[in-house]
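Look for chain A in each of the two complexes below; its partner is chain B in the first and chain C in the second.
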Partner chain A sequence: MNLNINGQIKEFSEEIITLEDLLLNLNIKKLDRVAVEINRKIIEQSSFNETVVHLDDCIEIVSFVGGG
Partner chain B sequence: MIDINKISEDEYAELFLSRQPIEKSKILKRACVGIAGAGGLGSVVAENLARAGVGKLIVADFDRVEPSNLNRQRFSLSQLGMLKVAALTENIKKFNPFTELVEISEKITSSNCVQIFENCHVIAECLDRAEEKAMFVSSIRKYAPDMYVAAVSGIAGINSGSEILIRKLSDKLYIIGDMKSDSEKGEGLFATRVGIAASMQAHLILRLILGEED
Partner chain C sequence: MKPLVIAGRQFKSRLFVGTGKYSSPESLAASLDESGTEVVTVALRRVDLSGSDPTLDAIDFDKYLVVPNTSGAKDAEEAVRLARLARAASGLDWLKLEVTPDPVYLLPDPYETLKAAETLVKEGFTVLPYIHADPVLCKRLEDVGCAAVMPLAAPIGSARGIRTEEFLNIIIDQSNVPVVVDAGLGMPSHAAKAIEIGADAVLVNTAIAAAKDSVLMAKAFKLAVEAAEAALMSGPVEENTQASASSPLTGFLE
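Take a look at the complex of A and B:
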(Lines of atoms letter the chains of each structure in order from A and count residues from 1; the text may use other names and numbers.)
(Lines give C-alpha, C1' and ligand atoms only; values in the text may rest on other atoms or scores of the structure.)
Protein backbone atom coordinates (compact mmCIF):
# COMPACT_ATOMS: atom_id res chain seq x y z
CA MET A 1 0.00 0.00 0.00
CA ASN A 2 1.05 3.60 -0.62
CA LEU A 3 0.93 6.31 2.05
CA ASN A 4 1.66 10.02 1.90
CA ILE A 5 4.28 10.67 4.60
CA ASN A 6 5.93 14.06 5.07
CA GLY A 7 4.86 15.06 1.56
CA GLN A 8 6.26 11.95 -0.13
CA ILE A 9 4.48 8.83 -1.32
CA LYS A 10 5.96 5.78 0.35
CA GLU A 11 5.26 2.21 -0.62
CA PHE A 12 4.80 -0.51 1.99
CA SER A 13 4.86 -4.21 1.21
CA GLU A 14 3.14 -5.22 4.42
CA GLU A 15 -0.32 -4.18 5.41
CA ILE A 16 -0.39 -1.13 7.66
CA ILE A 17 -3.52 -0.80 9.74
CA THR A 18 -2.76 1.49 12.64
CA LEU A 19 -0.44 4.43 13.13
CA GLU A 20 1.60 2.31 15.52
CA ASP A 21 2.09 -0.30 12.75
CA LEU A 22 3.28 2.47 10.48
CA LEU A 23 5.76 3.92 13.00
CA LEU A 24 7.22 0.49 13.77
CA ASN A 25 7.46 -0.25 10.05
CA LEU A 26 9.42 2.99 9.66
CA ASN A 27 11.73 1.71 12.41
CA ILE A 28 10.60 4.40 14.84
CA LYS A 29 10.77 2.63 18.19
CA LYS A 30 10.74 5.46 20.68
CA LEU A 31 7.12 6.46 20.32
CA ASP A 32 7.36 9.03 23.12
CA ARG A 33 9.74 11.11 20.96
CA VAL A 34 7.35 11.42 18.05
CA ALA A 35 4.74 14.01 17.09
CA VAL A 36 2.31 12.93 14.38
CA GLU A 37 -0.32 14.86 12.48
CA ILE A 38 -2.82 13.16 10.21
CA ASN A 39 -4.71 15.54 7.94
CA ARG A 40 -3.45 18.45 10.08
CA LYS A 41 -4.81 16.97 13.29
CA ILE A 42 -2.40 15.94 16.00
CA ILE A 43 -2.62 12.35 17.19
CA GLU A 44 -1.79 11.78 20.85
CA GLN A 45 0.67 9.06 21.70
CA SER A 46 -1.98 7.20 23.67
CA SER A 47 -4.04 6.75 20.48
CA PHE A 48 -1.25 5.59 18.14
CA ASN A 49 -2.41 1.96 18.42
CA GLU A 50 -6.07 2.72 17.73
CA THR A 51 -5.67 5.29 14.95
CA VAL A 52 -6.34 3.66 11.58
CA VAL A 53 -4.36 5.06 8.66
CA HIS A 54 -6.02 5.43 5.27
CA LEU A 55 -4.65 5.59 1.74
CA ASP A 56 -5.55 9.22 1.17
CA ASP A 57 -4.33 10.46 4.58
CA CYS A 58 -1.74 13.19 4.70
CA ILE A 59 0.62 12.01 7.44
CA GLU A 60 3.32 14.18 9.00
CA ILE A 61 5.80 12.59 11.39
CA VAL A 62 8.48 14.34 13.42
CA SER A 63 10.94 12.20 15.35
CA PHE A 64 12.48 14.57 17.83
CA VAL A 65 16.12 14.37 18.92
CA GLY A 66 17.51 16.02 22.04
CA GLY A 67 19.26 19.37 22.48
CA GLY A 68 18.12 22.79 23.53
CA MET B 1 26.96 61.01 23.37
CA ILE B 2 23.49 60.82 24.87
CA ASP B 3 23.29 60.82 28.65
CA ILE B 4 20.90 57.92 29.23
CA ASN B 5 19.97 59.30 32.65
CA LYS B 6 18.62 62.49 31.11
CA ILE B 7 16.13 60.99 28.65
CA SER B 8 12.70 59.46 29.33
CA GLU B 9 11.90 55.78 28.78
CA ASP B 10 9.79 56.74 25.76
CA GLU B 11 12.70 58.65 24.25
CA TYR B 12 15.00 55.69 24.86
CA ALA B 13 12.45 53.28 23.29
CA GLU B 14 12.40 55.43 20.17
CA LEU B 15 16.19 55.49 19.91
CA PHE B 16 16.45 51.79 20.73
CA LEU B 17 14.25 50.86 17.78
CA SER B 18 15.44 53.58 15.42
CA ARG B 19 17.15 51.09 13.07
CA GLN B 20 13.94 49.07 12.52
CA PRO B 21 11.05 50.25 10.33
CA ILE B 22 8.60 51.96 12.67
CA GLU B 23 5.49 50.22 11.29
CA LYS B 24 7.09 46.81 11.93
CA SER B 25 8.15 47.77 15.46
CA LYS B 26 4.56 48.81 16.20
CA ILE B 27 3.26 45.36 15.25
CA LEU B 28 6.00 43.60 17.22
CA LYS B 29 5.20 45.71 20.30
CA ARG B 30 1.65 44.32 20.34
CA ALA B 31 2.81 40.69 20.10
CA CYS B 32 3.09 38.08 22.82
CA VAL B 33 5.48 35.15 22.37
CA GLY B 34 5.76 32.06 24.56
CA ILE B 35 9.16 30.50 25.15
CA ALA B 36 9.20 26.96 26.56
CA GLY B 37 12.67 26.47 28.03
CA ALA B 38 15.30 29.10 28.85
CA GLY B 39 18.47 27.17 27.98
CA GLY B 40 20.70 27.23 24.92
CA LEU B 41 17.80 27.96 22.60
CA GLY B 42 15.46 29.89 24.87
CA SER B 43 18.05 32.31 26.27
CA VAL B 44 19.00 33.32 22.71
CA VAL B 45 15.43 33.42 21.38
CA ALA B 46 14.28 35.62 24.29
CA GLU B 47 17.16 38.05 23.87
CA ASN B 48 16.65 38.29 20.10
CA LEU B 49 12.92 38.93 20.45
CA ALA B 50 13.50 41.55 23.15
CA ARG B 51 16.10 43.27 20.92
CA ALA B 52 13.42 43.45 18.20
CA GLY B 53 11.01 45.03 20.68
CA VAL B 54 8.43 42.24 21.00
CA GLY B 55 5.97 43.54 23.60
CA LYS B 56 5.52 40.54 25.83
CA LEU B 57 7.46 37.34 26.44
CA ILE B 58 6.21 34.47 28.60
CA VAL B 59 9.22 32.34 29.51
CA ALA B 60 8.86 29.00 31.30
CA ASP B 61 11.72 27.01 32.83
CA PHE B 62 12.09 25.45 36.30
CA ASP B 63 15.87 25.06 36.09
CA ARG B 64 18.70 27.09 37.66
CA VAL B 65 21.91 28.32 36.00
CA GLU B 66 24.80 25.82 36.27
CA PRO B 67 28.45 26.02 35.13
CA SER B 68 27.82 23.44 32.37
CA ASN B 69 25.26 25.80 30.83
CA LEU B 70 27.65 28.67 30.24
CA ASN B 71 29.34 27.30 27.09
CA ARG B 72 26.16 28.16 25.16
CA GLN B 73 23.46 29.66 27.34
CA ARG B 74 23.49 33.44 27.67
CA PHE B 75 24.09 33.68 31.40
CA SER B 76 27.02 34.82 33.53
CA LEU B 77 29.13 33.46 36.39
CA SER B 78 27.41 35.88 38.75
CA GLN B 79 24.09 34.23 37.86
CA LEU B 80 25.05 30.67 38.90
CA GLY B 81 22.29 29.19 41.05
CA MET B 82 19.68 31.70 39.89
CA LEU B 83 16.46 30.56 38.28
CA LYS B 84 17.06 30.81 34.54
CA VAL B 85 13.87 32.77 34.01
CA ALA B 86 14.98 35.37 36.59
CA ALA B 87 18.50 35.55 35.14
CA LEU B 88 17.04 36.04 31.67
CA THR B 89 14.83 38.91 32.84
CA GLU B 90 17.85 40.51 34.53
CA ASN B 91 19.86 40.30 31.29
CA ILE B 92 17.08 41.67 29.09
CA LYS B 93 16.21 44.56 31.40
CA LYS B 94 19.79 45.81 31.03
CA PHE B 95 19.09 46.87 27.44
CA ASN B 96 15.30 46.75 27.13
CA PRO B 97 13.20 47.95 30.08
CA PHE B 98 9.91 47.97 28.13
CA THR B 99 9.35 44.37 27.03
CA GLU B 100 7.02 42.76 29.54
CA LEU B 101 8.57 39.53 30.84
CA VAL B 102 6.45 36.88 32.53
CA GLU B 103 8.56 34.35 34.44
CA ILE B 104 7.08 30.88 34.93
CA SER B 105 9.39 28.76 37.08
CA GLU B 106 7.53 25.48 36.87
CA LYS B 107 8.06 22.33 34.89
CA ILE B 108 6.09 22.34 31.65
CA THR B 109 3.67 19.45 31.35
CA SER B 110 0.96 18.41 28.91
CA SER B 111 -1.64 19.63 31.39
CA ASN B 112 -0.23 23.10 32.20
CA CYS B 113 1.34 24.18 28.89
CA VAL B 114 -1.77 25.52 27.23
CA GLN B 115 -2.69 27.61 30.27
CA ILE B 116 0.86 28.97 30.68
CA PHE B 117 1.01 30.17 27.09
CA GLU B 118 -2.59 31.29 26.73
CA ASN B 119 -2.95 34.37 24.48
CA CYS B 120 0.48 33.95 22.88
CA HIS B 121 0.60 34.43 19.11
CA VAL B 122 3.56 32.14 18.62
CA ILE B 123 5.35 29.64 20.84
CA ALA B 124 9.02 28.73 20.67
CA GLU B 125 9.75 25.16 21.74
CA CYS B 126 13.18 25.42 23.37
CA LEU B 127 13.20 22.30 25.54
CA ASP B 128 16.15 19.95 25.86
CA ARG B 129 14.91 16.35 25.86
CA ALA B 130 13.31 14.70 22.83
CA GLU B 131 10.42 13.30 24.90
CA GLU B 132 9.63 16.76 26.29
CA LYS B 133 9.70 18.27 22.79
CA ALA B 134 7.28 15.65 21.43
CA MET B 135 4.96 16.02 24.43
CA PHE B 136 4.98 19.82 24.23
CA VAL B 137 4.40 20.08 20.48
CA SER B 138 1.63 17.44 20.57
CA SER B 139 -0.14 19.15 23.49
CA ILE B 140 -0.03 22.66 22.02
CA ARG B 141 -1.12 21.44 18.59
CA LYS B 142 -3.99 19.50 20.13
CA TYR B 143 -5.32 22.03 22.62
CA ALA B 144 -4.32 25.32 20.98
CA PRO B 145 -4.35 24.56 17.24
CA ASP B 146 -4.56 28.24 16.28
CA MET B 147 -1.16 29.06 17.76
CA TYR B 148 1.97 28.99 15.68
CA VAL B 149 4.61 26.64 17.06
CA ALA B 150 8.30 26.90 16.13
CA ALA B 151 10.00 23.75 17.42
CA VAL B 152 13.62 22.61 17.18
CA SER B 153 15.12 19.19 16.50
CA GLY B 154 18.70 18.41 15.52
CA ILE B 155 21.21 21.02 16.67
CA ALA B 156 23.93 18.98 18.38
CA GLY B 157 27.51 18.49 17.27
CA ILE B 158 29.89 20.29 14.97
CA ASN B 159 28.36 19.55 11.54
CA SER B 160 27.81 22.48 9.21
CA GLY B 161 25.49 25.20 10.42
CA SER B 162 24.00 25.31 6.92
CA GLU B 163 22.41 21.89 7.51
CA ILE B 164 20.03 23.58 9.91
CA LEU B 165 16.84 24.30 7.98
CA ILE B 166 13.27 25.36 8.63
CA ARG B 167 10.65 22.80 7.66
CA LYS B 168 6.98 23.74 7.59
CA LEU B 169 5.17 20.67 8.82
CA SER B 170 1.59 21.85 8.72
CA ASP B 171 -0.05 25.25 8.49
CA LYS B 172 0.96 26.29 12.03
CA LEU B 173 3.91 24.03 12.86
CA TYR B 174 7.53 24.63 11.91
CA ILE B 175 10.56 22.50 12.79
CA ILE B 176 14.05 24.00 12.80
CA GLY B 177 17.19 21.87 12.78
CA ASP B 178 18.90 19.13 10.81
CA MET B 179 16.36 16.61 12.22
CA LYS B 180 19.08 14.13 13.23
CA SER B 181 21.95 15.47 15.39
CA ASP B 182 21.03 14.19 18.85
CA SER B 183 22.63 15.68 21.97
CA GLU B 184 22.19 12.33 23.70
CA LYS B 185 24.61 10.66 21.28
CA GLY B 186 27.74 12.36 22.60
CA GLU B 187 28.13 14.94 19.84
CA GLY B 188 27.90 17.75 22.36
CA LEU B 189 26.30 21.16 22.09
CA PHE B 190 28.13 24.24 20.82
CA ALA B 191 27.05 27.86 21.29
CA THR B 192 27.45 28.49 17.56
CA ARG B 193 25.26 25.71 16.17
CA VAL B 194 22.64 26.01 18.91
CA GLY B 195 22.76 29.78 18.36
CA ILE B 196 22.19 29.43 14.61
CA ALA B 197 19.04 27.39 15.25
CA ALA B 198 17.88 29.79 17.98
CA SER B 199 18.39 32.83 15.75
CA MET B 200 16.55 31.13 12.88
CA GLN B 201 13.77 30.29 15.32
CA ALA B 202 13.56 33.89 16.60
CA HIS B 203 13.67 35.28 13.06
CA LEU B 204 10.88 32.93 11.93
CA ILE B 205 8.82 34.12 14.91
CA LEU B 206 9.32 37.79 13.94
CA ARG B 207 8.26 36.94 10.40
CA LEU B 208 5.15 35.09 11.56
CA ILE B 209 4.16 38.04 13.78
CA LEU B 210 4.66 40.37 10.81
CA GLY B 211 2.42 38.20 8.63
CA GLU B 212 5.20 36.66 6.54
CA GLU B 213 5.26 32.94 5.90
CA ASP B 214 8.37 30.81 5.59
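Take a look at the complex of A and C:
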Protein backbone atom coordinates (compact mmCIF):
# COMPACT_ATOMS: atom_id res chain seq x y z
CA MET A 1 0.00 0.00 0.00
CA ASN A 2 1.37 3.41 -0.96
CA LEU A 3 0.49 6.55 0.94
CA ASN A 4 1.52 10.15 0.41
CA ILE A 5 2.79 11.30 3.79
CA ASN A 6 4.35 14.70 4.40
CA GLY A 7 5.04 15.04 0.71
CA GLN A 8 6.76 11.65 0.36
CA ILE A 9 5.34 8.45 -1.11
CA LYS A 10 5.79 5.71 1.50
CA GLU A 11 5.25 2.05 0.84
CA PHE A 12 3.83 -0.19 3.55
CA SER A 13 4.00 -3.96 3.45
CA GLU A 14 1.93 -4.36 6.62
CA GLU A 15 -1.77 -3.88 6.63
CA ILE A 16 -2.69 -0.30 7.47
CA ILE A 17 -6.35 0.23 8.10
CA THR A 18 -6.73 3.11 10.50
CA LEU A 19 -4.81 6.30 11.03
CA GLU A 20 -3.72 4.97 14.41
CA ASP A 21 -2.21 1.89 12.69
CA LEU A 22 -0.30 4.24 10.42
CA LEU A 23 1.05 6.43 13.22
CA LEU A 24 2.17 3.41 15.22
CA ASN A 25 3.76 1.89 12.13
CA LEU A 26 5.69 5.14 11.65
CA ASN A 27 6.90 4.78 15.24
CA ILE A 28 5.20 8.00 16.35
CA LYS A 29 4.73 7.48 20.05
CA LYS A 30 3.26 10.69 21.41
CA LEU A 31 -0.10 10.58 19.70
CA ASP A 32 -1.39 13.27 22.03
CA ARG A 33 1.14 15.72 20.58
CA VAL A 34 0.55 15.27 16.88
CA ALA A 35 -1.95 16.73 14.49
CA VAL A 36 -2.98 15.05 11.26
CA GLU A 37 -4.61 16.32 8.12
CA ILE A 38 -6.00 13.96 5.53
CA ASN A 39 -6.70 15.71 2.25
CA ARG A 40 -6.52 19.07 4.08
CA LYS A 41 -9.12 18.02 6.69
CA ILE A 42 -7.94 17.88 10.31
CA ILE A 43 -8.57 14.57 12.06
CA GLU A 44 -9.10 14.99 15.81
CA GLN A 45 -6.87 12.86 18.04
CA SER A 46 -9.93 11.12 19.46
CA SER A 47 -10.75 9.85 15.94
CA PHE A 48 -7.33 8.42 15.05
CA ASN A 49 -8.47 4.87 15.81
CA GLU A 50 -11.64 5.06 13.73
CA THR A 51 -10.36 6.97 10.73
CA VAL A 52 -9.70 4.66 7.79
CA VAL A 53 -6.84 5.61 5.50
CA HIS A 54 -7.20 5.09 1.77
CA LEU A 55 -4.84 4.65 -1.12
CA ASP A 56 -3.91 8.05 -2.59
CA ASP A 57 -4.84 9.92 0.59
CA CYS A 58 -2.65 12.93 1.07
CA ILE A 59 -1.61 12.88 4.72
CA GLU A 60 0.17 15.56 6.73
CA ILE A 61 1.51 14.66 10.16
CA VAL A 62 2.85 17.53 12.24
CA SER A 63 4.08 18.01 15.76
CA PHE A 64 5.93 20.49 17.91
CA VAL A 65 9.56 21.46 17.58
CA GLY A 66 11.60 24.15 19.28
CA GLY A 67 10.56 27.65 18.27
CA GLY A 68 10.40 31.24 19.42
CA MET B 1 2.57 47.08 38.99
CA LYS B 2 -0.58 45.30 37.96
CA PRO B 3 -0.42 41.49 38.07
CA LEU B 4 0.11 39.95 34.64
CA VAL B 5 -3.18 38.49 33.48
CA ILE B 6 -3.72 37.28 29.91
CA ALA B 7 -7.12 35.94 28.91
CA GLY B 8 -8.06 35.51 32.56
CA ARG B 9 -4.95 33.55 33.43
CA GLN B 10 -2.49 35.06 35.91
CA PHE B 11 1.28 34.68 35.61
CA LYS B 12 3.92 35.37 38.23
CA SER B 13 6.86 35.45 35.83
CA ARG B 14 7.07 38.21 33.24
CA LEU B 15 9.67 36.29 31.26
CA PHE B 16 8.37 34.12 28.43
CA VAL B 17 10.91 31.83 26.79
CA GLY B 18 11.17 30.42 23.28
CA THR B 19 12.41 26.87 22.78
CA GLY B 20 14.30 27.10 19.47
CA LYS B 21 18.05 26.86 18.79
CA TYR B 22 19.21 25.21 22.04
CA SER B 23 22.34 23.08 21.81
CA SER B 24 20.60 20.06 23.34
CA PRO B 25 17.28 19.01 24.85
CA GLU B 26 19.01 18.91 28.25
CA SER B 27 20.17 22.50 27.89
CA LEU B 28 16.64 23.53 26.91
CA ALA B 29 15.02 21.80 29.88
CA ALA B 30 17.56 23.20 32.36
CA SER B 31 17.29 26.72 30.90
CA LEU B 32 13.51 26.76 31.09
CA ASP B 33 13.72 25.61 34.69
CA GLU B 34 16.32 28.22 35.61
CA SER B 35 14.42 31.04 33.90
CA GLY B 36 11.43 30.63 36.19
CA THR B 37 9.18 31.05 33.16
CA GLU B 38 5.60 29.83 33.04
CA VAL B 39 5.05 30.40 29.31
CA VAL B 40 7.07 28.80 26.53
CA THR B 41 6.62 28.95 22.79
CA VAL B 42 7.03 26.12 20.29
CA ALA B 43 6.79 25.80 16.51
CA LEU B 44 4.87 23.26 14.45
CA ARG B 45 6.52 21.25 11.71
CA ARG B 46 6.07 18.06 9.71
CA VAL B 47 7.08 15.05 11.74
CA ASP B 48 10.42 13.68 10.62
CA LEU B 49 9.48 10.20 9.43
CA SER B 50 13.01 8.96 10.06
CA GLY B 51 13.02 9.76 13.77
CA SER B 52 11.37 11.90 16.39
CA ASP B 53 12.56 15.34 17.49
CA PRO B 54 13.88 15.07 21.06
CA THR B 55 13.05 18.75 21.71
CA LEU B 56 9.51 17.83 22.51
CA ASP B 57 10.58 15.49 25.29
CA ALA B 58 12.46 18.33 27.00
CA ILE B 59 9.32 20.45 27.43
CA ASP B 60 7.07 19.62 30.33
CA PHE B 61 3.57 20.37 29.07
CA ASP B 62 2.18 20.07 32.61
CA LYS B 63 4.62 22.59 34.05
CA TYR B 64 4.49 25.29 31.37
CA LEU B 65 1.77 26.90 29.33
CA VAL B 66 2.98 25.81 25.89
CA VAL B 67 2.00 28.34 23.25
CA PRO B 68 2.45 27.18 19.65
CA ASN B 69 3.47 29.74 17.07
CA THR B 70 2.58 29.95 13.39
CA SER B 71 6.15 30.48 12.23
CA GLY B 72 6.59 29.60 8.60
CA ALA B 73 3.23 31.09 7.64
CA LYS B 74 3.56 33.50 4.73
CA ASP B 75 -0.03 34.73 4.70
CA ALA B 76 -3.24 34.64 6.73
CA GLU B 77 -4.48 31.45 5.12
CA GLU B 78 -1.34 29.52 6.05
CA ALA B 79 -1.39 30.97 9.56
CA VAL B 80 -4.98 29.87 10.11
CA ARG B 81 -4.19 26.38 8.83
CA LEU B 82 -1.18 26.14 11.15
CA ALA B 83 -3.21 27.46 14.07
CA ARG B 84 -5.90 24.83 13.63
CA LEU B 85 -3.26 22.09 13.42
CA ALA B 86 -1.53 23.47 16.52
CA ARG B 87 -4.78 23.36 18.44
CA ALA B 88 -5.45 19.81 17.29
CA ALA B 89 -1.99 18.78 18.49
CA SER B 90 -1.88 20.64 21.81
CA GLY B 91 -5.52 20.67 22.77
CA LEU B 92 -5.01 24.32 23.76
CA ASP B 93 -6.43 27.51 22.29
CA TRP B 94 -3.37 29.67 22.97
CA LEU B 95 -1.52 30.82 19.91
CA LYS B 96 1.36 33.10 19.07
CA LEU B 97 0.31 34.40 15.67
CA GLU B 98 3.16 35.26 13.36
CA VAL B 99 3.06 35.86 9.64
CA THR B 100 6.49 36.60 8.28
CA PRO B 101 6.72 36.46 4.48
CA ASP B 102 10.07 38.27 4.40
CA PRO B 103 12.93 35.77 4.89
CA VAL B 104 15.69 38.33 5.46
CA TYR B 105 14.36 40.44 8.33
CA LEU B 106 11.46 38.16 9.28
CA LEU B 107 9.28 41.22 9.70
CA PRO B 108 5.62 40.47 10.33
CA ASP B 109 3.02 41.26 7.67
CA PRO B 110 0.53 43.57 9.39
CA TYR B 111 -2.36 43.09 6.98
CA GLU B 112 -2.19 39.30 6.90
CA THR B 113 -1.69 39.18 10.69
CA LEU B 114 -4.80 41.26 11.32
CA LYS B 115 -6.84 39.16 8.87
CA ALA B 116 -5.72 35.91 10.52
CA ALA B 117 -6.29 37.31 14.02
CA GLU B 118 -9.86 38.21 13.20
CA THR B 119 -10.60 34.69 11.95
CA LEU B 120 -8.83 32.94 14.81
CA VAL B 121 -10.46 34.99 17.57
CA LYS B 122 -13.84 34.05 16.08
CA GLU B 123 -12.78 30.40 16.22
CA GLY B 124 -12.08 30.71 19.93
CA PHE B 125 -8.30 31.04 19.92
CA THR B 126 -6.45 33.10 22.52
CA VAL B 127 -4.41 35.08 20.02
CA LEU B 128 -1.08 36.74 20.85
CA PRO B 129 0.09 38.40 17.63
CA TYR B 130 3.75 39.12 16.87
CA ILE B 131 3.85 42.45 15.09
CA HIS B 132 5.90 45.51 14.38
CA ALA B 133 5.81 48.15 17.10
CA ASP B 134 2.89 49.86 15.37
CA PRO B 135 0.48 51.54 17.80
CA VAL B 136 -2.34 51.75 15.25
CA LEU B 137 -2.07 48.08 14.38
CA CYS B 138 -1.98 47.18 18.07
CA LYS B 139 -5.30 48.96 18.59
CA ARG B 140 -6.80 47.19 15.59
CA LEU B 141 -5.66 43.83 16.96
CA GLU B 142 -7.06 44.68 20.37
CA ASP B 143 -10.36 45.67 18.72
CA VAL B 144 -10.70 42.30 16.98
CA GLY B 145 -10.19 40.54 20.31
CA CYS B 146 -6.52 39.62 20.65
CA ALA B 147 -5.61 38.69 24.23
CA ALA B 148 -2.28 40.55 24.15
CA VAL B 149 0.00 42.21 21.63
CA MET B 150 3.62 41.27 21.01
CA PRO B 151 5.46 44.16 19.37
CA LEU B 152 9.07 43.65 18.36
CA ALA B 153 12.06 45.39 19.90
CA ALA B 154 14.27 44.62 16.88
CA PRO B 155 14.34 41.90 14.18
CA ILE B 156 14.05 38.31 15.47
CA GLY B 157 17.34 36.92 16.72
CA SER B 158 19.21 40.17 16.06
CA ALA B 159 20.11 40.85 19.72
CA ARG B 160 19.94 44.57 18.91
CA GLY B 161 17.93 45.53 21.97
CA ILE B 162 15.05 47.98 22.08
CA ARG B 163 15.14 49.89 18.79
CA THR B 164 11.45 50.77 18.77
CA GLU B 165 11.20 52.54 22.11
CA GLU B 166 9.22 55.59 20.98
CA PHE B 167 6.53 53.39 19.52
CA LEU B 168 6.56 50.89 22.38
CA ASN B 169 5.89 53.83 24.71
CA ILE B 170 2.79 54.76 22.71
CA ILE B 171 1.62 51.14 22.54
CA ILE B 172 2.08 50.71 26.29
CA ASP B 173 0.27 53.98 26.95
CA GLN B 174 -2.73 53.08 24.75
CA SER B 175 -3.11 49.36 25.19
CA ASN B 176 -5.93 47.78 27.14
CA VAL B 177 -4.40 44.32 26.70
CA PRO B 178 -1.01 43.17 27.99
CA VAL B 179 2.02 44.18 25.93
CA VAL B 180 4.69 41.51 25.57
CA VAL B 181 7.88 42.82 23.99
CA ASP B 182 9.10 40.11 21.67
CA ALA B 183 12.14 39.67 19.43
CA GLY B 184 15.53 41.32 19.36
CA LEU B 185 16.28 41.36 23.08
CA GLY B 186 19.94 40.34 23.31
CA MET B 187 20.98 41.15 26.86
CA PRO B 188 19.25 41.11 30.22
CA SER B 189 19.45 44.92 30.35
CA HIS B 190 17.23 45.03 27.26
CA ALA B 191 14.59 42.95 29.02
CA ALA B 192 14.87 45.09 32.15
CA LYS B 193 14.44 48.21 30.02
CA ALA B 194 11.28 46.80 28.43
CA ILE B 195 9.75 46.15 31.84
CA GLU B 196 10.91 49.54 33.14
CA ILE B 197 9.14 51.40 30.32
CA GLY B 198 5.96 49.53 31.21
CA ALA B 199 5.81 46.36 29.14
CA ASP B 200 3.86 43.62 30.89
CA ALA B 201 6.25 40.85 29.87
CA VAL B 202 9.05 39.96 27.47
CA LEU B 203 9.67 36.94 25.25
CA VAL B 204 13.27 35.82 24.84
CA ASN B 205 14.63 32.96 22.76
CA THR B 206 17.89 33.42 20.85
CA ALA B 207 19.66 35.42 23.58
CA ILE B 208 19.29 32.49 25.97
CA ALA B 209 19.39 29.57 23.54
CA ALA B 210 22.44 30.70 21.59
CA ALA B 211 24.50 31.83 24.60
CA LYS B 212 27.45 29.53 25.33
CA ASP B 213 25.93 28.81 28.73
CA SER B 214 22.18 28.97 28.17
CA VAL B 215 21.32 28.08 31.75
CA LEU B 216 23.39 30.94 33.12
CA MET B 217 21.86 33.37 30.63
CA ALA B 218 18.37 32.16 31.56
CA LYS B 219 19.20 33.04 35.14
CA ALA B 220 20.50 36.45 34.07
CA PHE B 221 17.27 37.26 32.21
CA LYS B 222 15.19 36.08 35.14
CA LEU B 223 17.11 38.36 37.52
CA ALA B 224 16.89 41.32 35.14
CA VAL B 225 13.15 41.04 34.72
CA GLU B 226 12.67 40.63 38.46
CA ALA B 227 14.99 43.58 39.15
CA ALA B 228 13.02 45.86 36.84
CA GLU B 229 9.74 44.72 38.35
CA ALA B 230 10.99 45.35 41.89
CA ALA B 231 12.30 48.76 40.87
CA LEU B 232 8.94 49.79 39.44
CA MET B 233 7.16 48.66 42.58
CA SER B 234 9.63 50.55 44.78
CA GLY B 235 8.41 53.95 43.57
CA PRO B 236 11.51 55.15 41.68
CA VAL B 237 12.64 58.79 41.75
CA GLU B 238 11.80 61.12 38.90
CA GLU B 239 14.52 62.17 36.46
CA ASN B 240 15.93 65.63 37.10
CA THR B 241 18.27 67.78 35.04
CA GLN B 242 19.80 69.44 38.11
CA ALA B 243 21.77 67.81 40.91
CA SER B 244 20.08 66.75 44.08
CA ALA B 245 22.64 66.24 46.86
CA SER B 246 22.82 62.88 48.49
CA SER B 247 25.00 64.24 51.33
CA PRO B 248 24.08 67.08 53.73
CA LEU B 249 24.45 70.46 52.04
CA THR B 250 26.07 72.16 55.05
CA GLY B 251 29.78 72.99 54.51
CA PHE B 252 32.58 70.83 55.88
CA LEU B 253 33.05 71.33 59.69
CA GLU B 254 30.36 74.05 59.82
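We take it that the second predicted complex is superposed on the first by the 64 of 68 C-alpha atoms of A that agree within 3 Å, B and C clash if a C-alpha of one lies under 4 Å from a C-alpha of the other, contacts with A are read in each partner's own complex, and residues count from 1 in each chain.
As a convention for this text, a contact is a pair of C-beta atoms (placed from the backbone, for glycine too) under 8 Å apart; a residue touches a chain by one contact, two chains touch by 3 or more.
Computed from a predicted model, the values in this text were never measured in an experiment.
> Touching A:V52, do we find chain B (first), chain C (second), both, or neither?
After superposing on A, A:V52 lies clear of both chain B and chain C.
> Does chain B (first) or chain C (second) touch A:M1, or do both, or does neither?
Neither partner.
> Given the superposition on chain A, which partner contacts more residues in chain A: chain B or chain C?
C
> Report for A:V62: first if it touches chain B alone, second if chain C alone, otherwise both or neither.
both
> Quick check on the superposed pair: does A:V34 touch chain B, chain C, both, or neither? Answer first, second, both or neither.
Both partners, chain B and chain C.
> Regarding the shared-chain residue A:I17, is it in contact with chain B (first), chain C (second), both, or neither?
So A:I17 meets neither chain B nor chain C here.
> Name the contact category of A:I42: first (chain B only), second (chain C only), both, or neither.
both
> Show which residues of chain A both chain B and chain C reach, each in its own complex.
6, 30, 32-35, 37, 42, 44-45, 60, 62-68
> In their complex, what parts of chain A are in touch with chain C?
Chain A residues touching chain C: 5-8, 10, 26-30, 32-37, 42-45, 60-68.
> Enumerate the contact residues on chain A facing chain B in the complex.
Residues 6, 30, 32-35, 37, 40, 42, 44-45, 60, 62-68 of chain A touch chain B in their complex.
> So in the complex, which bits of chain B are touching chain A?
Those residues of chain B that touch chain A are 37, 39-42, 126-131, 133-135, 137-138, 141-142, 145, 151-156, 169-171, 173, 175, 177, 179-184, 189, 194.
> Taking the touch rule as given, give the residues of chain C at its contact with chain A in the complex, in rising order.
18-22, 28, 41-47, 49, 52-53, 55-56, 59, 61, 66, 68-69, 71, 84-91, 156-157, 183, 203, 205-206, 209
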